[in-house]
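Down below are the structures I want you to see.
The two complexes that follow have chain A in common; it is paired with chain B in the first and with chain C in the second.
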Partner chain A sequence: MGRYLLRRLAASLLLLWLVVTVTFFLLHAAPGRPTELLGDFGSRALGAEQREQIERIYGLDRPLPEQYVRWLGATLRGDFGTSFDQRRPAATMVVEALPATLLLALAATLVEYALSVPLAVWAVRRRGSAVDSTVRSVSLVFFSLPEFWLGVMAILLFTYVWPILPSSGMSSPGTDLTGWARVADVARHLVLPATVLGVSAAGGSLRFLRNSLLDVMGQDYIRAARAKGLSERRVLTVHGLRNAAVPATQILALNLGALLNGALIVEVIFGWPGLGQVLILAIRTNDYPVVLAATTLSAVVVLATNFAADVAQAALDPRVRHR
Partner chain B sequence: MNAPLLELEGALDRPARGFGRHLGHHFGRSPALAVGSVLVVFFSLLALAAPWLAGDPNEAFDPVAGKLLPPGSLRVPLELADGRGGRLVESAERRGDQVVAVWRGEPRSWDAAEIANLEPDGGPPPPRRFLLGTDRFSRDVWARVLHGGRVSLSIGLLAMLFASLAGALVGTVAGMANEWVDNALMRFTDACLAIPRIFLLVLLVAFFRPGVVALVLVIGATNWMAAARLVRAEILSLRERSFVAAARGLGAGPLRLAFVHLLPNALTPLAVYAGTIVGGVILLESALSFLGLGVPQPTPSWGAMLDEGGDHLGAWWLTTMPGLALVATVIAFNLLSDGLRDLLDPRDRR
Partner chain C sequence: MLSPPTRRLSAVLLAALLWAGCTGCGSEPSERPGASADGPHRGGQVVVALTSDINGINNLIVPASVTTTEVLRQLFLPLVFEQPDSRTIEPALAESWEFSEDRLELTFHLRDDVQWSDGTPVTADDVAFTFSAWTSPEVGWESAAAIEAIDRVEVVDPQTARFHFNRAYAGQLLDAATLGVILPQHAWGALPFAEWRDGADWFRDHLVVNGPFNLASWTPQQEIVLERNPLYYRDGLPHLDRVVLRVVPDQTNQSTQLLNGQADLVIQLSPESAERVEEASDVELYPYWTRGYIAVAWNLNRDGLADARVRRALTHGIDRETLVESIWGSYARPLSGPIPPDVWLYDDSLEPLAYDPETARRLLAEAGWTDGDGDGTVDRDGRPLRLRLLTNSGNQQREDAAVLIQEQLGRIGIDIVADVLEFNTMIAQAQQGDFDGLIFGITLPTTFDLSYAVHTDSIESGTNLAGFSNPEADRLADEIRQQPTLEQAQPMYDRLQRILRDEQPYTFLWQSQRLVGARARVHGVDPNHLFTLWDLDEWWVDDES
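Right, the complex of A and B next:
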């Protein structure tokens, strides 16, 4: 087990290095320099001299390999540099935004599984019936619904036509709530983005769960459980779902990547103050340190989840360890 | 629309004949494949015929009175001479040398000479039905939705082609080369899979101020990985087969082996894979356009229309209509891809 995990860990670290390196060089290969935008404030346009001066301060005039080595060294020490745009440490900006994104992703995962697990179980119990084909159609439709359209539609319906929920932000502006009142306020703001993200992710997991449940239900131990005289419900939920959960851990990890993808767009739509918002703004302003910090952090999150999924799978299924 | 289906049904009666018969067989058994292909053909025809079904998607009919008209509105499009723009009037008739109209609910009249688009008999032009209403620049939403379909479908298909070709290339090289090259290529593929796709997309797009070509390349560049793995796996299994050994024995070089013997045999799964990603690729294009990173304005695109519509929630058709078009198209492609997947992996269909 130890050797297996060590190998996975080394592979994850190698991948992480590849990801950040690719991002670094992509970013610097791009046309458009960070100082270009500094000149865009009307009368305060920067002269060439000032621009050079700023580039010197941030080390942008150095050869690219040198910049890369410096950046990598600083990053390994946990120093992601200072945002060009906001003059704050890039790491702070990104780390501050992370909890919001994780909260959104977690809530969306709950919505996703609250939808897909019961539907998958129902479809498998009535395999081949009208229920089953309806569930398959539903999963196809969910799968085809883009977050951004669902999001705009949700805003149209629940904040405009029937205004019961807030349309943007994470808390009501101008209020200074504490304790439970604050939790309730954030929860109200969370409902729409989490539902939108969860529903659009549910299509994939519904299909996957149905298929892996079907696989499991054909196994001998299920026949044995039935032969013991257990009720079909118990066979499905205790023996079926539990075994279907093994491949599902892998999907859960992949899913997080997909959720982060979706979260980026959902955050923009709902003005949710998370990582996606920070990244999009940083890309628009050529804010290199923040882009790099945001990409690195999200790669860490994705890879850490993949690693956790590997660990979980190795724990759930002894065969994996001995490959 | 039924002709190709009937042909394929006929194919069922013929003796076994490889993939063609396989396909025909599945058309009969998989409603997803049949419905999906019919819808895909239908939407493609709609997009192809857009210039004839709906006029210029960028024509602003009347920036004053033609903004945000609800779906189904009927207006007479008058065009003032000397490029003074258009007027969408509720009704118009010719009286002597005057054209008398109702504009913004009030009577209005122009000299006949001032109107550039009178009929040959001197009467006003026929009224125009704005099937899906107009947007904030008084452009016809129906025309923009149809033309947006052209953009989405062509970018989707081209990106799919590019992704499949790139994947086939990487997969073939990995499958044919020695272990070291194979390992390096496959680890690189894994690395590309590990970056959240939209991150990569947003990064790339932000750099190559995108037009259609850049979008195709960028979207293709984030979708080749699975194709590469698929082709590599196929090639690894194919190259152990006796017909390959025979070709090698007859003196075929590696290029000839790859392009004449191996790739053609790996084409079916690759084609099926390509079919399965079109829906997702169209969604990606729309997502980028929605974020303002897609095809530049004023080219109509569904994602950009949705984004604009978000500023005018009262005009519900601006968000609903392009969204429905997008979802219907993606559902059609996903149905098709579902059916195609059944060909490869019948586990789904129990």
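Right, the complex of A and C next:
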């Protein structure tokens, strides 16, 4: 088990290095430079000398390989540089925004599984029936709905037609609540973005769980359980779900990446102050340090979750760690 | 009779079906809110929906986004206030000012009753300190080039600051007194300039203000809360206790918040949302003409486009009235030159090039472009007149314009290939001159300096996108810069507008309105092209009941 974990850890670190390195070079190769969007026009235009001066401050005057080595060295020391746009430490900006995104992703995951697990169990129990085909159709609808459309419709329905929920932000305007009042306020603001993100994700996991459960229900040990006289509900929930959970943990980990991607759109629609908003703004303004810090942190979160899923899977299934 | 929720639901479903634009939907009777019976009074809070967050609170070290400039104006005062008519200047920190006879010295007399929020008086030392920061290479202020004509600032006495210029020109007062706000020497002078660009959080921790509001809190990407500055120099102002500026990036969400009361004011509505706002009884629309315009830059270095007859044909071939009507409805107007009609420098005696396909075809024929092979596209020497028209994605109006121009110019035999690119990619191709036509947007500088678009020197810096080079236009642009007042520059502006009309390096398309929406409970809203939150210290709200 120890050797397996070490191997997985080394692979994760290598992947992390690849992700950040490719991002670094792609970012610098992309059209547009950070100073191109500065200054005004006419007599107030940014002169060539001033542009060079600002690029010197940004460290963009050095050859690209040197910039990369300096950036990588600083990153390894935990210094992600200073945002071009806000002149704040990029790491601080990203770390400030991460909890909001993780909260959104966690809540969306809860919505996703609260929808997909019961529906998958129901479909498998009624396999081949109208219920099963309805559930499969529903999963396809969930899967196909674009998040931005779903988001806009949710805003119009629940904040305008029936104004029962707030449509943006993480807290009520200008409030400084504490304790349970704050928890309740954040929860109210979380309902719409988490539901939109969770429903979008539920389509894929519902189909996967249904197929995984069907696969497990055909195994010999399920037949043995039935032969012992256990009820179908008990066979399905105790023996079926537990065994279907092994591949589901992998999907859960992979889903986190998809949820972080989805959060980019959902955060903008709902004004949720998370990593997605920070990243999109940074991309738009060519704010290299923030893009790199956000990418690195997202990659760390996704890789760490996948690593944890590998560990969990190895613990659940001994065959995995001997592969 | 439909119940209100059902009626709203119908509107939502219709909006879902006709997402790109819905005219005439909704059936609320139009009833404009009247003025408050209470009159201005103290108290209350206004929630404003912003599209983006501020970049920071020290505008010298961060890019000057519109939002940042709007918010900082509430925290810090400039020396004087430029007025929306672009001719009048009102006192701010400076109660009076005068030029020396040779106009090389500009002396400001500061009010003696303005203090920073910690009680320290605002003095001429703050003005001199601010100037040092503006010009410091370590600070690297992006607008520093605009004040290259100011040599130094002299502190005459605590209430008198004198700016020394190396030349006289029309924009001296604006450049010295409105370009930047005055910063607190006693608070921010403690940090060496060399550390300013790494110290954005430091400025927030050491913030003192002299404007109408103080910064109560700033939660990045979520909200900025401003609270009344009790030491503000204008007695009894501001009326509002607090202003909450919420970051709501999505425009649909913004308009929904305005209609359902979650936001009191939205800074920029889409034309479709504005129509809904106009139909609502408890919301007021405040449209104003911006100083921004949309134009097509024709690349004069490309074969065919070097000929002014072809460029004139292109403009004659574009039906700007129809284009503007179909994209903006009544919220924009066609434009024929770089100076919009609401600016006093506009030459109204100049006849714009009208939509005239026949004249366009004749001009093309004169330039040697005819449909020789009968395929519907004009050609010369066997080559069809095919032009690649660029614009950026994410701006629906420009994308629509590209499609309409393609269709309209197709009718006079010009094959337009519309190419919608990601913004940075478009900028890169524009800088490299890799386009035939480019739909772009620009805001007219408050100094009315047109050299960015017409001067040969601006080709290299990239703002003269057309690559237009005309000795007379260069001379006029240079002379305008040297005039002591804009009034004296009027004849040169007239001539320059005529040259642009005749040469058509740019086809000017439209000037649009900024569509501000506010709840009827908010009074004193008076947005203009300088600031949407204009005179925020004089706003007041109806009592909550």
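Here, the second predicted complex is superposed on the first by the 317 of 323 C-alpha atoms of A that agree within 3 Å, B and C clash if a C-alpha of one lies under 4 Å from a C-alpha of the other, contacts with A are read in each partner's own complex, and residues count from 1 in each chain.
By definition in this document, contacts are C-beta pairs under 8 Å (C-beta built on N, C-alpha and C of every residue); 3 or more make two chains touch, one makes a residue touch a chain.
Values in this document were obtained by computation on a predicted structure and should not be read as measured data.
Partners chain B and chain C, brought together by superposition on chain A, clash.
Once the two complexes are overlaid on the shared chain, A:Val152 sits against chain B and chain C alike. When both complexes are overlaid on chain A, the residue A:Arg284 reaches chain B and chain C alike.
Once chain A of one complex is fitted onto chain A of the other, the partner contacts of A:Tyr160 extend to both chain B and chain C.
In the superposition on chain A, A:Met170 contacts chain C only, with no contact to chain B. Of the two partner chains, chain C is the only one touched by A:Ile54; chain B is not. Of the two partner chains placed around the shared chain by superposition, neither chain B nor chain C is touched by A:Leu209. When the two structures are aligned on the shared chain, A:Leu236 is found in touch with neither chain B nor chain C.
In the superposition on chain A, contact is made by A:Asp85 with chain C only, not with chain B. Contacts of A:Val268 after superposition: both chain B and chain C are touched. Comparing 40-48, 130-138, 184-192 or 418-426 from chain C against chain B in the aligned model shows that the clashing stretch is 418-426. Across the superposed pair, chain B and chain C both touch chain A at residues 30-32, 152-153, 155-156, 160-161, 268-269, 284. The touching residues of chain A, when paired with chain B in their complex, are 14-15, 18-19, 22-23, 26-27, 29-32, 127-128, 140-141, 143-149, 152-153, 155-156, 160-161, 211, 214-215, 257, 260-261, 264-265, 268-269, 279-280, 283-284, 291, 295, 298-299, 302-303, 306.
Contacts from chain A toward chain C in the complex involve residues 30-32, 36-48, 50, 53-54, 57, 82, 85-89, 92-93, 96-97, 151-153, 155-157, 159-163, 166-171, 173-174, 176, 268-271, 273-274, 277-278, 281, 284-286.
Chain C meets chain A in the complex at residues 5, 8-9, 12, 15-16, 45, 47, 52-53, 55-56, 58, 61-63, 137, 140, 142-146, 171, 179, 197-201, 217, 219-223, 225, 242, 244, 246-250, 252-253, 256-257, 259-260, 262, 422-425, 427-429, 431, 442-443, 445, 447, 449-453, 458, 461, 463, 481. Considering their complex, residues 187-188, 190-191, 194-199, 202-204, 206-209, 279, 283, 286-287, 290-291, 303, 306, 309-310, 313-314, 316, 319-320, 323, 326-327, 330-331, 334-335, 338, 347-348, 350 of chain B touch chain A.
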